Structures are given as structure tokens and as C-alpha cells.
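You will see two complexes here that share chain A, one where it goes with chain B and one where it goes with chain C.
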Partner chain A sequence: MKVVVLTAVWCHACLFMKKTFKTFEQNHPEWSFQFLDVDLDAEAECYSLGKVLPVLIFLKDGQEVHRIQGEKTLDDLERESNHAF
Partner chain B sequence: MVYLDYSATTPLDPRVAEAWFNSEKNFFANANSSHALGVLAKQENNRHLETLASIFHVLPSELILTSSAVEANNFAIKGLAMKYPDKRHVITSVYEHASLIAALASFGNSLEVETVNLKRDGTYDLAHLKSLIRPDTLVVSLVAVDSETGLKQPVEAVGLLCHQLGVYFHCDATQAYGKTKISFDSMDLVSLSAHKIYGPKGVGMLIKKKSVGLVPLMHGGHSFTPFRASTPANSLLAAFTKAVELADEEFEARNRKVSDLRAYLKAQLSENPNILINSSELSIPQIFNVSILNTKPEEGVKYFSEHGIYLSSKSACSGEEDLSKSVLALTGDHARAISSYRISLSHLSTIEDMDHFVTWAKELAKS
Partner chain C sequence: MRFKIVSLLLVLGLSVFLPLNIQATTKTTNLYFFHAQGCLTCAAESEFLSTLLEKDPNLKLYSYELAFDQDNQEFAKKISELLPNPINSTPTLVIGQKVIVGFVSGTTDLEIQESIDYAQNNVIKDVIGEVLGIAEVTNGTSQTTSQVNLPFFGKVEAKSISLPLLAIVLGTLDGFNPCAMWVLLLLISMLFHLEEQWKKWFLGSIFLLTTAIMYLMFMVSWLNITLLFGTISTLRWLIGALAIGGGGFNLYRYFTTEPGCEVIDDRKRKKISVRIRQIFSQPVFVLASLGVMALAISVNLVELICSAGLPVLFTQVLSLNQLSGFEYGVYMLLYLAMFIADDVIIFALAMKTSQVSGISTKYARTAHLVGGILMILLGILMVIKPEWLMLNFG
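Let's turn to the complex of A and B:
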């Protein structure tokens, strides 16, 4: 599983979730994480995004299988990802 | 046209434009030049800096002219972080401007950022702030007025607390200056902008108290200050100074007019069950935030625009589409937080403007 984390430097929720992302990544060594800035990283254009950031896109064999968006706690991320998988 | 977005930006005051033009015409020389015209320009600049210093109760050497408040916010955070690399902890709030957030985020994981809790009335919880401050705290950076609800924060008290605990305090006073009484005495760094007070876009200011160390972002020659290189922008300084002088001299008259308009607007809207007023008695009179229940602000802003009314909804990216964190913090009501509009008033606004807005707001509330 690959998890793409899309953020922006001007996004409050993205800044306040930095620690959460770090712990979430540490909790899931079986997944590979990629962090992309929606304004600065050209690769971010591959993903269709609304206005709400951050967005976590879960990819299996290159296909999107789940998406989490908006400000979340670590518990939210774990619960929502557990529920999906 | 009914312009109700004065907190986004203000039109240029003709008297400010005149000051700008006078400077361009009569004091255009490079103030770093040693010839007579350069000396004249420098004298004029010094006169402006002394005027500003007198109004702000600081030293002329503590004023750094910037291109904007965005630059001032970036300069405060980045300049401190580079100067004090051992201090990696920053305290801020959910109310901050995107430029402050972006400046912090630009350090990636090398800065630890915490947010101060809010009290029930939406103001900073100073006891919590005190508990967050640590020996490695680089700066407490808090906005003076929330740009969405107009809530005024106790930033002077924050400054005193920071001084007691030996921590720098940076205050983004962009939405506050000229609209509410604010003292910079207890603040180490203050960000300001000209275009929020009827000055031109492209000029702002960072007040940096003498005791504060900063690494400059712009290196080059000496300008108004060694902390920001560039050829001195004489006319922008003249325009900024005029805008500040007018904001200072006309403060009471402007605020009285705006307070009257706000009271009128409140009276006109308060009996409508679908229109709820979010701004509180702690809000500055110029910012009046309302929720029009069961409407989507993004569509509502377009609706008002079609009727010749120009206003704002929340700023982008709050973690949930259309949700205003500021309104949620102030009201605790999700329905209000996803249907809020910011009406920002000016001494240039009129009763007719209010009536026009009220008519279409009530119409929208019916739908």
C-alpha cells in the first residue's frame, strides 16, 4: 500500500497535523508514504483534489482505494484507515 | 456598487495618493546618494520614520519597511528561526493568516508548532499559553484581530506574559491597526499593512524592537534599515506614513461612523430567524460576521455579487469545505460555521449600503 499525503504550506490543518502524520507513518511501516505539496510538486497534479486539505490517498497497485480529507486526529486516521482495510 | 470587503483591502485615500505623488515628484532621488537631492530625500524619509515612530511609540530605527504584511510575517518567523537555531518551539493560534502558517510550515519538521487553546468567548486562554511556554520556545506569534469574526484578542496581555517569561512575542496587527486601540509597547515584533488602512498595496511594515535579533531575508546595501536591503522606497514610505497619520487622527470619527452602521445593520438583521450574528461585543466594529442558515457561502458570495454587493466568506482550507474555524470557535455551532459571511465595514460605507445588503440578505435567507 502506498499513502500519498497532499498538503500546502498555507494550510492551517496541514501544519497542525505535522506531528500526527509523522506518528501515523511510524505506526504503519508496512506502507510507503509520499508527501506532496499541492502547489510546489508537479506530481500532485495527478490527483483530483477539492478545496479541503490535507488529503491522504491510499493506493493499491496504483489504484486509489481510499481517501481521507480534512483535519483529523491520529485516532481518526487510524479508525478511518482500519475501517477501510 | 456596495463594497463590504474592506478587511480584504481598502481603496486608496486620495490624500495618501497625493502624498505618494508628492514624494515621487519632489523626493525621487536615491536616499543613499550623497548629492543634495539624495540628502533631501533622506531627510524626508527620516521625517516620515519619526512621524511613524511617534505614533507607534517606538524608535525610528525599529521600523522596517516591507513589501507587505505577508513579508513582515515571513521575516519575523524566518528571521528569528535563523537567528536562534537552538529554539525550535513556536506557539501560535488557529486564527493566523496563511502567510504566518506558511512561514512556519516552511521549516518542515524542524519547528514544533503548538496552538493556544481558546476560551468560550473565542479569546486566547492565557493560562494555557503560559503552560505551553518552554525554555526552547522561539516565539509566541498571535494575531491581534481575527479577520473573519473581528474578535479582538488580549494581545497586550500576551506581550506582558511573554516578557515575564522571557519569550519573544510577534503580533500580526494587520487587521487591528486603525480599527481598534492597540498598544505595541509589550510586543517585540509587529506586522502591519498599508492597504488595510487606505494606503497602497505593495507596502507593509515590521516593527522590530531594538532588543530583538533577526537574520535579514534580503541582503544587500543599507536601506532605511540594515535589516532589509533595497533602494529606499521613498514614495511608499510617504504613502504608508500618510495612511497611518490619517488612521490615527481620524480614529474616533471613523470608528463612531462604523459603530453606528454596525448597530443599524445588527438591528435590521437580528429579528430574522435564519440570520444569526456571529461577531460578539469583543469584535471590532468594522468586521460583522453573520450566518445565513442553510446557505453555502461560496454560492452566497456569488449571489451577493450578482446583486452588486461585494463581501467575503471564510478563508480557504479549514479542513472542511465551507467551515469557518473562527465561527466554530466563537459559537460552537457547526451549522453556523458552514454558512458564515464576513461583512467588513468602513467609514466610507453608508446607510444605503446597509439597506441594500439587508434586502438581499433577507431574500437569500428565505430561499
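Let's turn to the complex of A and C:
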């Protein structure tokens, strides 16, 4: 499973969630994480942003299988990802 | 015999009340009205005073035209020294020691009536009457304003607590509205590429200072509009309706938007990013500083509409309270300090730690909820009970 995390330097919620993303990544060594800035990384253009940032896109064999959007706590991220998989 | 005793008691009983009744019905209350020819607010107050004089024969009006009459100007200057507030604008009405500046239909008329009632039911010091020789020299009492009893502080004027409190609450709520915060964060992230520390501090501070000045100018302009057209009730109703509408929109946003950063329009975001890069690529530092100022002005002009409701509401409440120029300035600066505080903290922390910290959107959401409720309440009061916003709860 690959998790793409879309953030931006101008997004205060993304900045606020920096530590949460780090812990979430450490809690899931079985998944590969890719952090992309929507303005600085050209690859980010491959994904649709939706209405709010940050966005976590869960990909299985290159296909989007789940998406978590907006500011969340670590518990929220764990609960939502556990529920999806 | 019994009839004589009853009659005597009746006469004695009546005599207790008689002098009071005589005093209450024959006491003349002098009103001193300072106005200017061509002043529309003065005309509105003059019309109101005429209706009062028709209703109450115990009122006597002394009018002083100040725009063209030099003697009256001298007189106003002389008695200003004896009054708690100087007469430096028209219309001004003086009742005893109470100085009522300006006239807003629906608010000032109530204040005038309240002051007349107070003057008629109490022995007041008629300062101007004493100078003119038409009133007896007395110690008298001056009309008190609403007071609240606070632990440790004792009796404090309600106005002196509530207006600063309102400035702090509304300014803080307005500050958490993250309309222009994304530009600050973008700017900070690019400031990190500069080598010299002082340049980072300087350019960031210029951005914040320009933002603050822009906001202050907007508030001052709006205050002047409300002071100038304050007599028009329609304007008050319009602002009340705007506050109710804005409050409803805030509540709508609270319930419908997800916590997180709203994705800003791609073109707008890229345009600002390019502008910031151009600013930092300036070889001359002065030009870079001017560029940051221009950026702050343009961004805040566009984003002003996003949070215009709260400052408009606050300046309207200030104008209803008819304060001195100094007091208006102090309250607006207090509002501004609270408004800009979160941006200053984010910037200072980023500069100190070389890392940008974000603020949870939960605060912004809470600000939408609390701000929305407060705006609706203040909007309703502005339309149906404006005197409550002047802290006259009678």
C-alpha cells in the first residue's frame, strides 16, 4: 500500500499536522509514504485535491482505494484507516 | 371634633407632599444646544428638541450657533474648561454637567430624555446656567453612568469594562479568521531562503505592519462614515442586517466545512507565489521592502471582504457610544492588537525556531461559531435595542 500525503506551505492545518503525519508513518512501516507539496512538486498534479488540505490518498496497485481529507488527530487517522482496511 | 382631627391630619399629610410636587412641576431644566448652520445632524437634533419643548413646558432651550458666530465660539471655549468633556464638535447638548455629543435617532434621543428625567428628579449642578447667572450655584450631583460591582475592583463603570472586553473578544475572533494567513505562511516559507536574519525579521515585520495599518485605515474610514451618517437609522439597520447575515454565514461555514485548509484557487495561489519570488529576487533591498508592502496592501484589499463584518460591527458600536477621539483610537488599537496577535506569534515563532508552526483549524472553526452567534446577537440589538449597546439598560 502506498500513501500519498498532499500538503502545502501556505496551509496552517498541514503545518499543524506535521508531527501527526510523522507518527502515523512510524506506526505503519508496512506502508510506503510519499509527501508532496501541491505547489512545489509536479507529481502532485496527478492527484485531485478536493476542497480541503491536507489529503491522504491510499493507493493499492496504483489505484486510489481510500482518501482522508482535512485536519485530523492521530486517533482519527488510525480509526479511519483501520475502518477502510 | 373627629372631623377636625381628620382634616388636620389630611392637611399635614398633604403638606408633606405638597412642596415636593410643587418642586417637581415647576423646576426648570435648562438645555444648552451647540449647533452649526448647515449641519444635518444638528438639524435632526433640533427637530427632536422642538418636540420635547412642545411636550414639556419646564424645559428651556438655549441655542448657540458655532460655525459663524465668533462670540458663541468664545463662549463654548470658555465653558469647555468647566465641563467634563470639551465642546469641540456639533451638535453638542449640555444638561447640567452631562455633555451629549452627536445625535443618532433611536439612541441619543433616549439618552437626552434620560438626562432630562435625571435633572428633573435630582438637584443637579447647572454649570452653564451658573456662568450665565440663570441658575443657582449648587454642588449638585452629576448623572452617573451604569456601574457594576466587581470583586477587588469595587464599583466600575460598565462602559469602561465592556468596550475593552468587546474589543478583545471581537478582535481575537477576527484574528482567527484565516483569510489572509495563507499569504503570511507563504511569505515566511520564502523568507527562510534569505541568508541574513535581520532581513527576514524586517520583511516579515513590514508585511505585518502594513497589514495592521491597512486594517486600521479601514476601521477609521468606517467609523467616520458611521459618525457622519449616524443619524440615518437606515444605516444602523443595514449594518444590523449585515451583521445578522454575516453571523448566519459564519454559522453555515462552521456546520458545513470540514476542518482543514480550504484549497485556494490555483491561479490566485500561483500568482501570489510568483509575486513573492519576484520580490525576493530584487537586488535592491529597498525595492524588496516596497514589494512586500505592496503585496500586503493588495492581499488585504482583496481579503478584507472576508472578515469585514466584525470590524464594521465594532466601529458601529463605538460610534453609538459617542466617545472622544482618543477613546476611539485606543479601542480600535486594542481590537487591532488582538486581531494581529496570532499572525505576530506565528511569525516570531517561525523566525526563532526556523520552522513554521501551524494553528489548528479547530480554533478558526470555534471562532466561526462564537463569532457567528455574537454577530447575530449584536445585529439584532443594533436594530431593536441600540441603547443596550450604549449600556443604557433602563
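Here is the rule we use: the second predicted complex is superposed on the first by the 85 of 85 C-alpha atoms of A that agree within 3 Å, B and C clash if a C-alpha of one lies under 4 Å from a C-alpha of the other, contacts with A are read in each partner's own complex, and residues count from 1 in each chain.
As a working rule, a residue touches a chain if its C-beta (ideal position, glycine included) is under 8 Å from a C-beta of that chain, and two chains touch if they have at least 3 such contacts.
None of these values were measured; they are calculated from a predicted model.
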With the two complexes superposed on chain A, say which partner A:Gly70 touches: chain B (first), chain C (second), both, or neither. both
State whether A:Leu49 touches chain B only (first), chain C only (second), both chains, or neither. second
Applying the document's definition of touch, where does A:Val3 land relative to chain B and chain C: first, second, both, or neither? neither
Quick one: classify A:Leu36 as touching chain B (first), chain C (second), both or neither. neither
Does the superposition put A:Ile57 against chain B (first), chain C (second), both, or neither? neither
For A:Lys22 in the superposed arrangement: first (chain B), second (chain C), both or neither? first
Once the structures are superposed on A, label A:Cys11 by its partner contacts, choosing first (chain B), second (chain C), both or neither. both
In chain A, both chain B and chain C touch residues 8-16, 18, 50-53, 70-71
Chain A touches which residues of chain C in the complex? 178, 181-183, 185-186, 189, 257-264, 269-270, 273, 346, 356-362
In their shared complex, chain C is touched by residues of chain A numbered 8-18, 39, 49-54, 69-72
Which residues of chain A touch chain B in the complex? 8-16, 18-19, 22, 50-53, 70-71
Give every residue of chain B touching chain A within the complex, in rising order. 94, 96, 98-99, 101-102, 104-106, 109, 112-113, 115, 316-321, 325
